[in-house]
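Please find one structure pasted underneath; my questions will follow.
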Amino acid sequence: MSGNNFCLGLGIGTKSSKGDWLEVYYTKPVFEPCNSLIRALAGVVGYEGGNQAIEISSDQLADLSKAFGAVNAQDQQEIAEALQGTEQPLVLCILQDDDKPASTPEVYLKLTLISQRIVQPHGTNLDGMFGLLPNVAWTNEGAVSLEDLPMRQLQARAQGKLLDVHSVDKFPKMANYVVPAGTRIAATSRVRLGAHLGEGTTIMHEGFVNFNAGTLGTSMVEGRISAGVVVGEGSDLGGGCSTMGTLSGGNNVVISVGEGCLLGANAGLGIPLGDRCTVEAGLYVTGGSKVMVLDDQNQEVEVVKAGDLAGQTDLLFRRNSQTGRIEVKTNKSAIQLNEELHANN
Amino acid sequence: MSGNNFCLGLGIGTKSSKGDWLEVYYTKPVFEPCNSLIRALAGVVGYEGGNQAIEISSDQLADLSKAFGAVNAQDQQEIAEALQGTEQPLVLCILQDDDKPASTPEVYLKLTLISQRIVQPHGTNLDGMFGLLPNVAWTNEGAVSLEDLPMRQLQARAQGKLLDVHSVDKFPKMANYVVPAGTRIAATSRVRLGAHLGEGTTIMHEGFVNFNAGTLGTSMVEGRISAGVVVGEGSDLGGGCSTMGTLSGGNNVVISVGEGCLLGANAGLGIPLGDRCTVEAGLYVTGGSKVMVLDDQNQEVEVVKAGDLAGQTDLLFRRNSQTGRIEVKTNKSAIQLNEELHANN
Amino acid sequence: MSGNNFCLGLGIGTKSSKGDWLEVYYTKPVFEPCNSLIRALAGVVGYEGGNQAIEISSDQLADLSKAFGAVNAQDQQEIAEALQGTEQPLVLCILQDDDKPASTPEVYLKLTLISQRIVQPHGTNLDGMFGLLPNVAWTNEGAVSLEDLPMRQLQARAQGKLLDVHSVDKFPKMANYVVPAGTRIAATSRVRLGAHLGEGTTIMHEGFVNFNAGTLGTSMVEGRISAGVVVGEGSDLGGGCSTMGTLSGGNNVVISVGEGCLLGANAGLGIPLGDRCTVEAGLYVTGGSKVMVLDDQNQEVEVVKAGDLAGQTDLLFRRNSQTGRIEVKTNKSAIQLNEELHANN
């Protein structure tokens, strides 16, 4: 227990009728907790180092509250007090290191770290997380295991009530865990826990953000941010636009969008974009698209694969409406462009 | 209090723990109420003219009910009676003129006027409304202020319940305020209060309608109607199609769709369309797109910017699948077309 | 009552205040019930053959439970027991033949058969179903008739509660009736009752599945499966992609997707696809699109309408990014292709 600790969280969650964790809600995880806090908690819950998700009983909350108080962790103390008397499952998850997660509560803690903007996308080790996330029915009565679902649906019906199933997924929607400051999320069902929304981000109804992905600052998002995709400050995603993910599609390049970019409505992006780039509405640019490079005089320079322009700034991708050709216009002269294009040959 | 009055509404709403209005529900606003109704209410609530959102107490409902009854406003009387005994915040909003709104209850009244088809989109002054609409967490327990949210989420959890956050937005979904007659709305989360759905309109799951926008009659909408966009009788919007809004994109032209039009699936529209126009599936037409005009004999007439064809009728926009060129086919001869195209030069 | 019986189901549902059926939930329909089961039930409910939706009272459940038990129909017996004491409307729907449905409970039974994978899409007679499905407000308190809605909304408000309207539609969302084994449905609002999801299917947030349509096996669906469209084992639909339905668009060809296909993100499909076909991201292929056929040496073979390639295997549709031309690449030589293309002339 020396050196840096990674994080800890006091969580309240849901288990299946079999006793398996379905999900855990951490109101306010502590990033890099100090050793004195760890030591104070260790005495209460029997923590002996390493990464542990320690199940606790409601009876232990009073002692935890004192332990938090003893090291002036007021936020945590308030949480422990608010939870007193609960009959729901509780967990204290302490992660000494950012190793790959080993349990459902650990995965939920790490996804919460991202959504609370404590770490950025790709900023914590999520290896193997899929196998640790059960597929859950997310209902108006909270998380329900798929095994328990049919009988609970029938029983609710018999009582004249509805067990409303909003989603059947390994990931819950983020907004039931955290709503980051300075954001709007028009349809919360479209932002998964583990998304990162920068302050000033609006996710409109057609927007979508997967886990380990999102925006770093102000953005108007009406398109889809796939898993792993990060969008820089001041970039907008038009309605229905697509960013290629790495989970499917046979693509290993991680797509990203720089600062001050615009993806037009119904456009698509299969390459990483630098700053101040635009993809015209309705145009899908994949890594393999052959594009004619035009210089600042609209002169043809060379045909290249769009993937070769990955990360370059100040590009405008468009389809010539009279020739059907995909063109990329830059603000540089032909000579500059030729040098750049061949710099990596 | 002479002449025309604009409208009034008796509303029940929600306030934050600080006492700020979060939203107001008006079951049935009265458009252009007569002076005798205004006078009857004025005595009860102390209205002295102008535009006022007057907070009332539950105790005043009996007197309001009598006042409504005295002028045979039966619908309003029923509302006042149905609300009796409530502990929720109440407001009587009387707007003498259609000035720009000055309070949250006024904005909600005006948005409700549109969604109840009492006024059409662009039919009421909404200037400055954004500043009057708080960003709200819309939950299964109604509107919750963002400040109050985290503690309420934690408390609900402690009690084994879920405070389910459906949306974090300045606008609520329309269907919790009004479901207009003769409509279907497959996913109500995608139609904001302030949308106008004509009788016979179906909004499918992929459809979307923003405020101050919508359809005037029968329409099958599987695409997105952006803020300010109005769609005429008998026009259909295919799945995932896009209409450019004026809030973003640097475009000041208000997009509209005439009668009997079809926007194909995944198509896009950046110009106002006249009647009986079609945009082919998958084609995005922006104002700056250069399109080859073809006459009724499929002869080439001229290349023009699509924006120059704004409002013209009987156009078919398509991308030639062999040349990649955007073409617009008309039912007119080359001579007629040339005259029309140059009429405004 | 001899020979094959089609199916039966014991359902619990909702009626409007007028006494009309709004919807019926069948936990576990019995396909092709044996005559002994039919006879056992007939005695309890007075069934005399044919297709009948027989309303029953809660008092009859004990006798029904016995009748089920007498023929060892344990699942059904459990349902009858779970429902005992309910005050909700009950129905026993017995369909001797797969005739077109004659009542709301019959339509719900047939849609449930598809969603429970008991029959495949197009596997049961749904003629005239639209007229039998009322348009319903689907709320957090279950199905509400549109006539009853405004007063219930107002009353809920007066009590400080929210009657939350999720959808106004003739079809409910499937997940409140059945969640098929081995599926994920990220946003259940986008999958209608009557959809068929094969084991191993994931419907992501942007996915959509209409009734009488769906997947037969493993699929990642991030696009829209229109009414009637069936997708074969191992095919993926990219984000926002479109499949043309037959309900609108003036198209009578039933679209389908073979096995091992990929529709790219924001692509569109207007022809039936054979196995192992790909449509490039962002490309919309309609039946009328003229496409240049390229052989396995990338040699031009012939221009054909895409509709002429319906059902063929191993095709890659793409738009040439330098000429704007739609091309289809095959893995066959020019000679083979010419023979195939002209085989049906």
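So that you can tell them apart, the chains are marked A, B and C in the order they are listed, and the count of residues begins at 1 in each.
Note that in this section a residue touches a chain if its C-beta (ideal position, glycine included) is under 8 Å from a C-beta of that chain, and two chains touch if they have at least 3 such contacts.
Since this is a predicted model, take the numbers as computed values, not measurements.
Participant: Same or different: do the copies subunit A and subunit B touch each other through matching residue numbers, with over half of them shared?
Facilitator: Here the answer is different, because the shared fraction of interface numbers falls below one half.
Participant: Give me the superposition rotation angle from subunit B to subunit C, based on Cα atoms, as a multiple of 5 degrees.
Facilitator: 120
Participant: What whole-Å value do you get for the distance between subunit A and subunit B if each is reduced to the mean of its CA atoms?
Facilitator: Chain centres of subunit A and subunit B, defined by C-alpha means, are spaced 31 Å apart.
Participant: Identify all positions of subunit C at which a residue touches two or more other chains, and write them in rising order.
Facilitator: 140, 166, 189, 240, 266, 282-283, 319-320, 323-325
Participant: Quick one: which bits of subunit B touch subunit C in the complex? Just the residue numbers, please.
Facilitator: It is residues 12, 25, 27, 79, 82-88, 140-142, 166, 173, 175-176, 179, 183-189, 205-206, 220, 236, 238-240, 264-266, 280-283, 319-325 of subunit B that touch subunit C.
Participant: Across the complex, what residues on subunit B touch subunit A?
Facilitator: 135, 137, 140, 146, 149-151, 153-155, 157-171, 189-190, 208, 224, 226, 240, 242, 244, 248-249, 266, 268, 270, 282-284, 286, 289-292, 303, 319-320, 323-326
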